[in-house]
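Two complexes come next, and they have one chain in common, chain A, joined by chain B in the first and chain C in the second.
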Partner chain A sequence: MSATKQFWAILRKDLLLEIRSKDVFTSTFLFSIMALVIFHFAFSPNLKDLTPVAAGMLWVAVLFTSLLGLNRSFVHEKDEQCLDGLLLTPVDRPVIFLAKLAGNLIFLIVLQVIVVPIFALFFLGGLTGAAALKLAMVLLLGDLGICGVGTLLATISANTRARDLLLPILYLPVMTPFMMQVVSYTNALIMGGTAAVDMSSWLYLIIAFDIIFLLAGYALYDFVIGE
Partner chain B sequence: MNRKNITIGLSILAGVLLVISLYGIFVVEPVLPAAQTGFSQKIFYWHLPVAILSFIAFLATLVFSVMYLIKKELKYDVAAYCSAELGLVFGVVLMVFGMTWDYLAWGVWWTWDPRLTTYLILLLLFGAYFFLRSMVTERSRQATFAAVFGIIAALDVPVSFLSTRLIKNVLHPVVIGAKDSGLEPSMYIWLLLSMLGFTLLYVALLLVKIDIENMQDGLRDVKDAIENGGK
Partner chain C sequence: MNTAGPALEVRSLTKNFGRRAILAGIDLTLDRGEFLLLLGPNGAGKTTLLRVLATLLAPTAGDASVLGYSLKSDPTEIRRRIGFISHSHLLYRDLTTYENLRFYGEMYGVEDLDDRITELLERVELTHRRYDTVRDFSRGMFQRLAIARALLHRPELLFLDEPQTGLDPHAVDILDGIIEELRADHTFVMVTHNLERSLELGTKAIILKNGQIVYDSADRPDPAELKATYRRVCVTGDSNECD
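Let's look at the complex of A and B:
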């Protein structure tokens, strides 16, 4: 089997599992909507207009929601010893990484296609065409970084005693500097560039993070999954 | 000269150097005028060496982690772990010095300044590093996971420093060069002396810590052997 075929086989298995059970989608969808509602009540006592904090709310919701999905993508592999089965097949380890990453990415994107318009409706009163396109782009870049490092760290935590308890502890500090960039960029986008700053430098840093996270994940995955 | 004597020698030398540097800092050097933050400036003599050493300690963790992944020998993992622990100790000391200085110089205990923020993230990353280690019992798996996470954490730090700077520059275009406030040549001597003292202290502590870890590993092997019926 060629690497491409192996990739599609693993990805197809994950997607099929999700389409049939809808576990991850249902839980992450409900979770992100609840998070947005809670954010509203957490901030509304002091703020009439929530637009200045909207970018932060969006990304905190995305970050915490992604934790649920990332945990799920490995914990069930571990429960049924599926991972051992997968490792026994003659599949290159990096292919497993890429397929798992693609699966997580697709889950996150599908979720955002539904949740982000709701978010825009709740807090921004709708978005114009150009801003919506840029928001979609930064979301996609953010998702890439989240899934790149998240897939690696989720594999590590699923193989420890703490299982899903460990992932947030490893994942959140690694993601903090990345979050600074995506939130700053999204914030400038939402505030309509009134901050008068050069947004491209954030974008370059986001892309730099993406490249580092993806390369590190790709290079180090072999060590992690072999253990 | 065996290793134990080297460790003792290094510790004594470090202690002597640090005491001499204290004498220099508090007795020989005059108190700076209030415009240059006055008496609180004396923290700086120990603050800078501790900062540099905690970075060296974390850098050593990165190097040892990479070495472990390449060679798969447990001694590199032990070294990485011990150095990370020292980095954390130096890091906490640094935070205490730094926050005291912040308070005396700027009147606040904490600001979200690029250096402080980066350092806080660094400490959180290494806190996670130790939690990860404690959650894995199997020795080789523990070493591998810790090495991989150590590398990710180390990659994160320089970029995070860059990012905090960038964000800060947006809010406050004028970067305060607080610590470049013209050092007198004689001050460098005491700074260098405490730097040397802390470096020796780090090396001595690292050697002791590695010995302790190796003894613990040996003890565990003996215990396992006893449990398996003395075989």
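Let's look at the complex of A and C:
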């Protein structure tokens, strides 16, 4: 049996479970829409142009939506101790990490495909083609970091009784420096770009964080899953 | 395939949860083809021993070889060769019977997967529920499907953790029939509280108490001696700790 086949088997199973139960999608979709609507009505009476605060609002919505989704991502595995069933199979633990990460990433991307156009409508009043492409790229890089750390920490918290409490305590402080780079880059992008050198340095930092998060998750997963 | 040596060789195996020792230096040898009964009061460490041997828990100290492979250095090789049936069925409620078995089959790399699924569903009498979501299954149906899941990859050694708990008589008959069929060329380790029923199966028995082996039959257990020891270990005053 190859690791690739096992990766696809886990990913397909997770997607199928989510399509059937809609556990993650329903709660995260409603949350992200509500967050954007509340931000819109909170700021619009005072600010005629919402563009300067748009990046912050977008990533606040993404960060807390992802938290909600990550917390639910192990629900099916804990039900009837299915995680034991998975751990009894001859699969290398990092393969489980990569498959779970891919599943979380797909959920987040599907959600953003629906939510980000609504966000653009509320807060930006339209983006140029090039800026939209760059926004898609930074969203993808941000999602990768969020899911890399989030999958690892959701696994740790899933094995505890206080998982709803533990995940935000672990996740939010770790994400803070990463989110600072992502928000700065997105803000510059939405505002029409600052000095090119500043923007690229933020981008390099985001990519560096992504690599570190993915490597850490891959290397540490064997120690955090199971017991 | 490593066919030399005993099925299980456990040396000074210890498992602590925090400061509490659940297994306190277990030594055990089991030859291939044997049927080991694991008995003892509640909290004696039976399930923990099974979970350590099935690679679900890492030992705190000591080591064991399972089918010739070390728990510490070759857990993946062990997982390929063992099956595990517990009172939890380890099945995804929102998947169908077929999808559950296909998922596990792909994880084990079973080559003739569709044929194997068909064969096992016939054996556990669930062919008619092949494409049904398992959410609404009865306890007996879940457990029958769990048996199919555990046998999918043709394991050499089966760990059974109170497999008959909550089963209807029909499911018990199916499980007994499968065990009978597999006995000739498989090794079994079964945790049970049902001494009467399991005595017919066991070729060796141990009784655990407080994480230690307090009785080891060494050979086919003498029913009278085993029952007397079991009663002595389990009964304190008016209460039976093994119920």
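One rule holds for everything that comes next: the second predicted complex is superposed on the first by the 220 of 227 C-alpha atoms of A that agree within 3 Å, B and C clash if a C-alpha of one lies under 4 Å from a C-alpha of the other, contacts with A are read in each partner's own complex, and residues count from 1 in each chain.
Operating definition for what follows: a contact is a pair of C-beta atoms (placed from the backbone, for glycine too) under 8 Å apart; a residue touches a chain by one contact, two chains touch by 3 or more.
Keep in mind that what you see is a predicted model, and the values were worked out from it rather than measured.
S.K.: With both complexes superposed on chain A, which partner does A:220 reach: first (chain B), second (chain C), both or neither?
M.R.: first
S.K.: Check the residue A:81 against both partner chains and state whether it touches chain B (first), chain C (second), both, or neither.
M.R.: A:81 contacts chain C only, not chain B.
S.K.: Figure out whether A:159 sits in contact with chain B (first) or chain C (second), or with both, or with neither.
M.R.: first
S.K.: Which of the two partners, first being chain B and second being chain C, lies in contact with A:22: first, second, both, or neither?
M.R.: The answer is neither, since A:22 touches no partner chain.
S.K.: Mind sorting out which residues of chain A both chain B and chain C touch, each in its own complex?
M.R.: In chain A, residues 226-227 are touched by chain B and also by chain C.
S.K.: Within the complex, which stretch of chain A touches chain C?
M.R.: Answer in residue numbers: 1-2, 5-6, 8-10, 12-13, 16-17, 20-21, 76, 79-82, 84-92, 226-227.
S.K.: Sort out for me which residues of chain C touch chain A in the complex.
M.R.: Residues 54-58, 76-77, 79-80, 82, 84, 86, 88-95, 99, 103-104, 106-109, 133, 149.
S.K.: In the complex of these two chains, what residues of chain A are touching chain B?
M.R.: 149, 152-153, 156, 159-162, 166, 169-170, 172-174, 176-177, 180-181, 184, 195, 197, 201-202, 205, 208-209, 212, 216, 220, 223-224, 226-227
S.K.: Hey, which residues of chain B end up touching chain A in the complex?
M.R.: Spelled out, the residues of chain B in touch with chain A are 69, 121, 124-125, 127-128, 131-132, 135-138, 140-141, 144-145, 147-149, 151-153, 155-156, 159-160, 162-164, 166-167, 170.
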